[in-house]
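Down below are the structures I want you to see.
Shared chain: chain A. Partners: chain B in the first complex, chain C in the second.
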Partner chain A sequence: MGENKQVLIGENLFDMSGGEPALIVTHCKSCGDYFFPKTFTCHNPECKEKDVEDTLLSRRGVIENYSIMNYPPPPPFVAKDPYEPIVCAAVKFPEGIVIIGMMENMTADQVKIGMEVEVTVGTLYTNKNGEDIIAWKFKAV
Partner chain B sequence: MNSIKDKVAIVGMGCVKFGENWDKSLEDMIIDAAYEAFEDAGVDPKDIQAAWWGSVFAGESGSIMSTPLKLAYIPVTHVENQCATGSEAIRGAAYAVAAGIYDLVLAVGAEKLKDTGYSGLPQTRPVATWSYRLTTQTPAAGFAMMATGYFAKYGLDFDEGKRLLARIAVKNHHNGSLNPKAHFQREITLEQAINAPMIAYPLGLYDACGVSDGAAAAVLCRADLAKSFRTDPIYIKAVSICQGAREGWLSQVYDLAHVEETYRGGIAAYQEAGIKNPRKEISVAEVHDCFSITELTIMEDLQFSPRGRVREDIEARTFTLEGELPVNTDGGLKCFGHPIGATGLRMLYEVYKQLQGKAGPRQVKNPRLGLTHNQGGEPGSATVSVLIAGNELG
Partner chain C sequence: MTMKDVAIIGVGLHPWGKFPEKPWTQMAKEAIDEALADAGVQWKDIGFVISGSQLWGGRKGIYSGTYTEEVMGNIGLPVVNVNNACATGGTMLTVAAMAVASGAADLVLAVSADKSAKGFFPALPVYHEEPVPSDDTLRWNMGLPNPVYWALEMRKRMLKYGDTEEHLAKVKVLMSKHGKLNPKARYQREFSLEEVLASAMVTDPLRLYEICATSDGAGAAILCSKEKARQYTSKPIYMMASALGSPLYGDPTARIPVVSITPKPGVPVISESWVAAHRAYEEAGIGPEDIDFVELPDNSAWHVLQYIETMGFCGEGEACACLDRGDFAIGGRIPVCPSGGFSSFGEATMAQGFAQLYEMVLQLRGVCGPRQVEGAKVGMSEVYGAAGNNAAIILRK
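Then we have the complex of A and B:
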């Protein structure tokens, strides 16, 4: 992150109070499902109770799946020029939820299924106004 | 619950040549597809009592279709249901006939994408609510995750997985090379498919379908009137729509190696059609090969292959024109692209011609039942259609 103005991609996505970023999720006490970003109700179609609470997700998970964006994502994403392929990972957390995000400092030949990663916060892209769009990302442990 | 089986017949169909149709407007394509269907059915457009129009991008209301076809003062319904839009138009038309309200109806689907600059599925959701986690991922990268997921789950290394996907692309391009209505009509080799530029690892150029303009149409009537239009009508056996209500890719019940909506949509259609063994009973299938990995997982979700074992069937050439269960005999989305509103009807056009024995060099042997399948969106929140049609009653 450089001198640019930093703009969060959304509100209430992560909590920095512990010094390190943790994702804010909603836990349904009735069925056990977790949701991200936080929500006001349970989205499990089989769940009727909807007794939900916000909580912080474990900071570490395991790469369940990944792909490489060999071409840049569509707008509003602004790709770096020249474009470097971006690694996307689906990370499974101990609570059971899977969250997709971009890997920080990881190349296509480094990523592997089963790799342990942790939540971080970083620049997703820099928009046309020169603002850094900040989101959750993952990095190798 | 009632079944639609044998209540509705298809008595005419039309389909334009798909491609970069710079010299044709959307209206031109609608007219060409609908009039081929009218002539095929031997009906006067004035006899059409109601119509369904499927398009995602053409704009609002039924007037986009009723104006060029001069279908004045009859009910025309515009439908949209993602990649299943064309099939949803057929479903609306079929249900209205089955309900006994109309005797003769029309379903049309069309899309003109090339001159809009459209270059693949757009990010349809704004940066809002739960879609945060998807906004930076291309659709190709999403399907690529299904490929890495499938390879990992069933122990295929990159070369084995890539080769398997390439066989699907080679098969569909071969079928497209035999079809004058396909956008792409050239054969490709395994080596070309394997070595093509990567779009979203592990998916390369030939693992993805193209972007095309196209239109297709069907004339439907009450089954008991069908023989008054033609000697070889095709009867609808099932039309199912299956909609996921989970959280897209992020659903905790997903393995990223299958699509539950396709599996459940298949079961619903097989029940409606009275099919016990789809692998044996279905003669020909047109499925949603937006990416090669999609066709691969569909073979298992529709129960054509046992879970995790589609590789054996692909290697045994089961789904080729000469195989036990030919799939995407017209070339599929691979060769027709995906003008969204038209796709379901384009698939039905091929199944209709196959069941009538009129598919020329692509004709499969003695078909009895044909299936079409569309799949839109993401596993967990996908929209799936499964239609089954046959050339005999009962």
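Then we have the complex of A and C:
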């Protein structure tokens, strides 16, 4: 990340207090399910108690599936010129939840299903005000 | 009276394409005028209006029916404005059928006109006004337009069933063979396999020609009771089912606009569509084997392969084998999108269900000329919308 002002794409998405970023998820203590972004209730219709807590997700997961964005995404995303294809991955975590995110420093020919990745934080794009828009991303382990 | 006692007596469809100079209200009026003439009734005979429009044509789209009533001439009609994302077209018909079945009015008009953004749909105009970011604002900032979601699902199929890039291209070729025979379609020409495979890879594994364009379009339908239909027309088409669906918990699909999935074993892919289709079969008291043709939401070539299975026209993982056999062509076992589908029309979001309805009504009347499905007696359609919206309709002659 560079010198630009950094703007998070949302609050309460990840936690940096341990030094390394981890995603903030809601865990239902009653049924065991996980939700991201964090939420105020369990969404499982079979769950009666819905006793939820916020917790940090495991930092490592496995690429279950991916796509390459070969075209610049539409607004509000501001694509680099010249555009470089973006690798988007669906990552399965040990807790059972799958999270979609962009790969950091990865080209189309490097991404593989089954690849172990970890959560990182990085720039998605720089907006017209010169601010870096920051989100969770994944990087190869 | 139930939903099964409802008839469609008139339909109208503005051609699909790009009409930057034409307001959506004008497109709506043209579709309504055609539907009124088709039904042999006057605007003043209408007793209830159901409408829906996306916001691309302007903020007035939120109250599209109310503004459409004004354009047609205010006569104080009750108006319901509906929004179920891209499943709104089908949803409007369900609501219109409910209005007829409840006795709210003798003649009910369902109408939708929509303008579309060019290229990938970007975030809607209201996006920047959301006080608390939702998963929808997150995904736009992340650079996740709709086709990425479809690409992720397609890659799953390739891994699980061995579907190939060539199968995707074959779907486009087939849709274009149907679309070239439809004067209301935007793209009335046949695409070759080589040409589709040479088109740009957009969201790997989906190519440019395998993803539907975004179009402007408008459609209208007039519904009344089965009992009264013959007073107006000699060619009524009857509703057998009009079912809505939303997702089941644990759906393994990354549906637009989520950024996470909590998958559970045994839950079907695109569960909202599975639910609506099976609910429609139950309502109609028939099964997929009784359907003569299907208009499904082919936003991309992936959708065709998936919906064929989700709607029960073949077993899981068998869609490509059926495609290779020619099952989905006009004249095949289960003709898919004889209209040419979204692939040939482009998508006009909320109005899209009307392009399907228009084709179903014309097919069941037997007036589709070179693209007629011979002996078509029962047709089915399904539309699919963001956030897990779905509507499935079964009609008979």
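Note that the second predicted complex is superposed on the first by the 141 of 141 C-alpha atoms of A that agree within 3 Å, B and C clash if a C-alpha of one lies under 4 Å from a C-alpha of the other, contacts with A are read in each partner's own complex, and residues count from 1 in each chain.
In the analysis below, a contact is a pair of C-beta atoms (placed from the backbone, for glycine too) under 8 Å apart; a residue touches a chain by one contact, two chains touch by 3 or more.
None of the values given here were measured: they were computed from a predicted structure.
Undergrad: Put the two structures on top of each other at chain A: do chain B and chain C fit, or clash?
TA: Result for chain B and chain C: clash.
Undergrad: Under the stated touch criterion, which partner chain does A:I113 make contact with: chain B (first), chain C (second), both, or neither?
TA: Touch status of A:I113: both partners.
Undergrad: Which partner does A:T39 reach: the first (chain B), the second (chain C), both, or neither?
TA: first
Undergrad: Touch check for A:I9: first (chain B), second (chain C), both, or neither?
TA: Touch partners of A:I9: chain B and chain C.
Undergrad: Touch test for A:Y83: chain B only (first), chain C only (second), both, or neither?
TA: neither
Undergrad: Following superposition on chain A, which residues of chain A contact chain B and also contact chain C?
TA: Correct list for chain A: 9-10, 13, 33-37, 43-45, 65-71, 73-77, 88, 90, 96-102, 108, 113, 124-125, 135.
Undergrad: Mind listing the chain A positions that touch chain C in their complex?
TA: So the residues of chain A touching chain C come out as 9-11, 13, 33-37, 43-46, 65-71, 73-77, 79, 86, 88, 90, 96-102, 108, 113, 124-125, 133, 135.
Undergrad: In the complex of these two chains, what residues of chain B are touching chain A?
TA: My answer: residues 122-123, 127, 129-130, 132-138, 140-142, 144-145, 147-149, 152, 197-203, 245-247, 249-252, 254, 256.
Undergrad: Going by the contact rule at the top, pick out the chain A residues touching chain B in the complex.
TA: Residues 9-10, 13, 33-37, 39, 43-45, 64-77, 85, 88, 90, 96-102, 108, 113, 124-125, 135 of chain A touch chain B in their complex.
Undergrad: Hey, which residues of chain C end up touching chain A in the complex?
TA: Per the touch definition, chain C meets chain A at residues 117, 119-123, 127-128, 133, 135, 137-145, 148, 151-152, 155-156, 159, 200-205, 249, 254, 258-263.
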